[in-house]
């Protein structure tokens, strides 16, 4: 039976402010104004590919909250589960992002403490959503932001799971939010519920203290927990403006690894959110294509690679465009230089 | 004996973000990026007119703090008494400002809680400043922001006073920071130390429960407290884009009121900070022109009126320009259309 | 029984391109990029006020169509009834708009011929919408654009009416699309179905050849046709940058005229869409407030007046903001200068 | 017999740099980049109305000179008589312009000394131009810039006159270039050659020491010199953003004054060049409409008034647009709000 | 005997709209506004190098047509043969261009149907032009746009040829305008008139079904038709931001191939129009340098390569700059890093 | 005993105007507005790293001079020794800069003649500065600008030297200001006073006619003159957007060369001022780190390399950021992709 949402996610929506081009935070007279947030990035990418998605979040009841809501809708993501903070100290978390150019690294200043999202309460969203949703996704950021968001997230995972939803989880480790030990301990509480698990090789080693090669590590998670799919991205940062991107997916049921040629020498315009875009693509491949791991891999890699060329956190490519990019990636013959 | 600073002020420095032109916070893709803050506005206006000024404040030790420091210096204000917050929760207070156009009022969204300034500590600035300064200015905003800033401000008032500095104080009542009763009670604690007192007629009535006409009210403050000068602005808001501005100054020593024709039908570009610019002009007239109240009035009115035509919180007119505006204001003959 | 949509509308969505500020179409290097269209403007304004609305339209299946769809969603309008033109000659209608400044009038260049909307077909949208909708709105522009859109509109009016929806119609006469006689003949075909009728005094005289004062004219429509509500705007254009706006509403059932003080000397930023915003407000007053004509009048006048201060065709004020503007408009006492 | 050019002019072309909107020269991060110059403004306005015009000037042989040439052509003005300075010290004169808003006046900073134009030599342009041209125009600015340009201008006036061209001259007195006495003495050398004379009432009084009312003054010039037409503009500067503009033309042959209602409360966007635009319109009325002084008046007033609404020095309205503005100005009945 | 024009071309002028930088058509709030069109690009590039050129085209008689005319003149191209469409359905063709960044390709959306150019009629331009022109150029796009433009183009080719003009033709095959077979059949009708023929290797193979290596193919055209010069570009697209560009020219009379080292790793800013710029350079080399094929090659390669670094369709380099680029390209010694 | 300034410099401050991104001087509608100048660049970079610095210069007493002063202060450089030119011909020197993209080189147009700086007089600055300063720096540009600046510079060098300041000198040869012979002759007059000498290998060969490898050349200067430190940069320009940068420092006292791996494939955003930034870093390493030549090398290379990624002449990195870049440069292990 078809559910109302293919994918719901719980996560903070942030105001992103960034100087134009190569300008700096310490100077200049304008900021580009955008919204982002790991989970929003995932559901908006998935919505573009065709999934019906929504975001569970809490926004301040002021102009900035309305702005964030408008952007959510612009992306085709449902705002049904956005709730509003009418208290006087309501605020939208902010982050400031500055582009890099070798030898200057991209840099981020966070101003996300005390955000309204940290006060979200399960009772603010209707219980009907648990049964209405095919897959629930969240990330380690939501777990790390505050004790409250952690408990809300874990509760939601359990309730969604209980109603038959798949659970997708991205470790997305951020050293400025919690320590590796805290992350490990907390995430191990939820791994028993997780079906689709996103974890980079580095994080697996440093946080989960895994050893062996990347494939052994990926498989080991499925041996310890009832995880069906483990996906691991592989990014090479040649410089802030040039990356190479690929990934490996392991399917426990099939006991099989899926790989393809990475996208080499991506012309990076804005790297933020490309990891989240990967998850969009993978989830589309799984949820929208009958759990075809090869497709998940291809959609994940293409959606992530092309996200690097899009300003802002949020992806902007629909299925037609991603399919074209995948075809070009596989094509070894003559290619048209332009889409027209 | 000449002191190092003509004017020091204690106050919060805020990041100001505003959509360009008539665009709205709930939409659009850029913010203009500026700094402001009532006390900074005052000292930067006074610095432009020729006083040697500085700002006592606390900034986060990150790119935004550096940006604020750079802007302070750009204005010719000393950054000697800026201190930096290296804690993880350091943040620069922010406010979002949207222009109005009748019948749409200008609007402000504040996000200034938990700012580093609220953690400022007197021990962070050198005691030498008390003796080095001819006049200390602060406002009701600093008193209202937090219990800590209130106590720091009151202590500094006492210490500056003890070292012979004049004390200038602007009520600047903000209903979103405290109630009228709180304001009245607190400000009455400091009025015994105040030499130069800025209070609008409305605030005098609503907050201090004064009665009578504006002149009676102004005089009454000097009867209750050892205040030398009371200044009161008179603004008529015809629409968000058209104001009329004038003021009255009362000198207790001379027992005399100073007035002049208001500036009528000012073509308002950005009204924020025009009240603070008034104080700059008055303080310049007093501190820089041998306590000439007529000059204080004229500098106050001109500096404030022209600030309305300048984008951002901060004034940008030097003495030469203000003198020219005053001459034009008094001139009833033929005027050149342009300065060239 | 509650229906899924409070308001659906049929109309063309146009790409609007306009030089920034006072720049001209014949020069310059950028265009502001927006979407608009009389019916979209109406439903987006109504959505902001709280009605559940949607737009029935046809867009090209290319990047410009996706752009238009994204903007529709940004406004909170449902895109459920947007259909896509996959033919090779699919195109989005365009108009170019240049601001005025006395003695230069605002000017418009249309490039809307052959647009995909003109090819819209009733079979492309599901029949279920007719029963799901409380009110259907369209305008004379849709009737005038092409023979096909005229027939589709008339058919939809009949089908919505048959399913119990109210019919709202705005004459919106455009001399560059058809003649007054054509308009009169066509609109008289649909007036028997119309419940809420928007017609300016000038159009009533010039197109419908009405005589008498505006109230007599308004009433006469309800005598000839089973119309419940007639609304007529009254705009005085002092200059391209200064307008005065008011209106009259006549309720046939109550046999009563509703009027209030106009909004005088509006500081016009962008006049386009202010007539449509009026309709948003009136429909909100009727559909959302139990057919309270006084509220309809107040919401109509406020929503239209403030639209003049917003760049682009589309309104951007929610109910809270409009309620504040109405309060200020009625308030004769002291007013705060700013919303903060 | 038809000549190749209706109007040639000799004058400096300047790079104009101005901060956007209400921003200031002392701050900000961008300049708008335009070209201007009194004589170029005149010929480009006249070209837009339909005259075949050209500009005689000297530009540096570098990218800025090419930029200026490109802009000249953009306006439809011939660049046949532009010559290039290949010397190392070649430079394009510059001026910086800042908009005003009451009580802040517009202001100009000149950086035009040592410009290549000051080195122009008659031998650089072909002698054929003297016979090919119906009217030659220049202004007091060219006379004042340098001794060389003065002598070149006077020589050209004589040569054009000798070949049967009409001579048009605008006093355009600039106190920062020369004194009133210098101007009077120099201009009196050329008045014997002038056919069409532009002089404001103030300049006539202050520079030429004329007395009496404006009409008497205008007539007196034609009594002293063989001048056919005297035109005098009348501008009231209500504020930097609101002007009223009208003029009087006196025809010596007809001994008749031409006047009409001024354009009141012009919404000024950029006042620079509006005096030059007046000359464009008058010269079009004379040279293009069989010396019809009524038309000259109407074209002059309309072209000048509307120039105030156009950013930059250069006008941008063609004949169709000016004719529409004149019709609207004379129309006392209902007016359309928009051109569409 | 010298003719008035070195080069005339027949072709459509398009409004080009493109999001800034890496922004997308489906998002964002501005478009860059430019003009372009294959034939205009060719003549404007040639004008910059020193040829006297003009464009034969038809524009709508509205603000957009005026804008296009102004840009044509800005480039130094004569607008003598621009004609205007005063009908109600007059329109300027438009195309929307979005930059690429690997793995996102550049993309184009065309909206050029029903453009005024398609209605151009030979009788609108004076017959005198045929004898006044040294070379006439057009491209396969003009042939493909409509039956009318095809017949006008073929007629003009014949008339120019009859009056002794050289005929230059660029195949410029566009699969979205016609099929390869249609192109082949049509172009073979005109090849008997062509003197200078531009055809890429791929097009020669796919459209003209040629076999053999590129040199054999080039020569074969001159064997079948009385073509003097065949030029073929060789572009390697490493990524949307990195290209390598070179070409081969074959002179039938000399039976000789001209080649040089390609420009490697061009830093592509805007690739559009670089093929047309190549033609500009080659035609300058032929028409302006006594048919020197080596110079044609060098000017073609340099003009095209550098066009890739210029935003917009239109080139902007004059002869001095191209000569400098050619010298640098040939120079194997120390090079200055900057031109100053 | 600690002196008031670690570093003072004498040099011209220029207004820099540059088209945005890849736009050209010959086209476009805006210029980016910045200030620069070799010596200002040096002291502002050094101020960012922590030295107390000031600039000795002369500015026009107009809005542009104030703008320049404001920018100087923004950088943290003292404006104590700025003097103002109140004469009518006062002007700020200007240069126009256009970015390059292969095969288009960056290009510069200078308009710096007759600048107020050329009129600077030693008596305008207080003699107290000579004793108050640890190091004085100037460059060959100041020597070359005018006879007056040359004599002032040489006099100042002698006076600073006499008071015990170190003398730092950068040859910075500019062929458009003087010939190699003039430079050689003049610089040899000051080399007897120089302690820290910056000279590139090419300049050493071409101007000073040195022979041998770079190390031999560097050492030879110290053998001929009492120079302590010679620093020589080594830049490889792969293309306008890709450079490699390294340097060698020779310490005469230690008779030792300092080198490290160059920064390879720098992603160049704006190359101007990167040579000056090198000097900032070296002087910080020497003056701020106890004459540690290894640190001087590392600070010089890092500060210069990262300057290439910053728009404008002026650096913007503080010590914390440069230290991080040096650590990353030396780090051969895993690197974080972003600073957060």
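Labels A, B, C, D, E and F are assigned to the chains in the order they are written; within every chain, residues are numbered from 1.
Here is the rule we use: a contact is a pair of C-beta atoms (placed from the backbone, for glycine too) under 8 Å apart; a residue touches a chain by one contact, two chains touch by 3 or more.
What you see is a predicted model; the values in this text were computed from it and never measured.
The set of chains in contact with subunit A as well as subunit F comprises B, C, D, E. Chain centres computed from CA atoms place A at the largest separation from subunit D. The greatest centre-to-centre gap from subunit B, using C-alpha centroids, is found for E. In whole angstrom, the spacing between the mean C-alpha positions of subunit B and subunit F is 39. Averaged C-alpha coordinates put the centre of subunit C at 45 Å from the centre of subunit D. Distance between chain centres (mean CA atoms), subunit B to subunit E: 62 Å.
Shown for subunit A are the residues that touch two or more other chains, namely 21, 24, 26-29, 66, 70, 74, 107, 109. Taken together, the subunit F residues at the contact with subunit A in this complex read 21, 74, 263, 265-270, 302, 305-306, 308-311, 316-317, 325, 328-329, 334-340. Residue ranges on subunit C touching subunit E, taken from their complex, read 17, 24-34, 62-64, 66-67, 70, 89, 91-92, 94, 96, 98, 107, 109, 111, 113-114. Put simply, subunit D touches subunit B in their complex at residues 21-24, 26-27, 100-110, 176, 202, 235, 237, 239-241, 271. In the complex of the two chains, the subunit B residues touching subunit F come out as 66, 70-71, 73-76, 318.
Contact residues of subunit C toward subunit F in the complex are 28-29.
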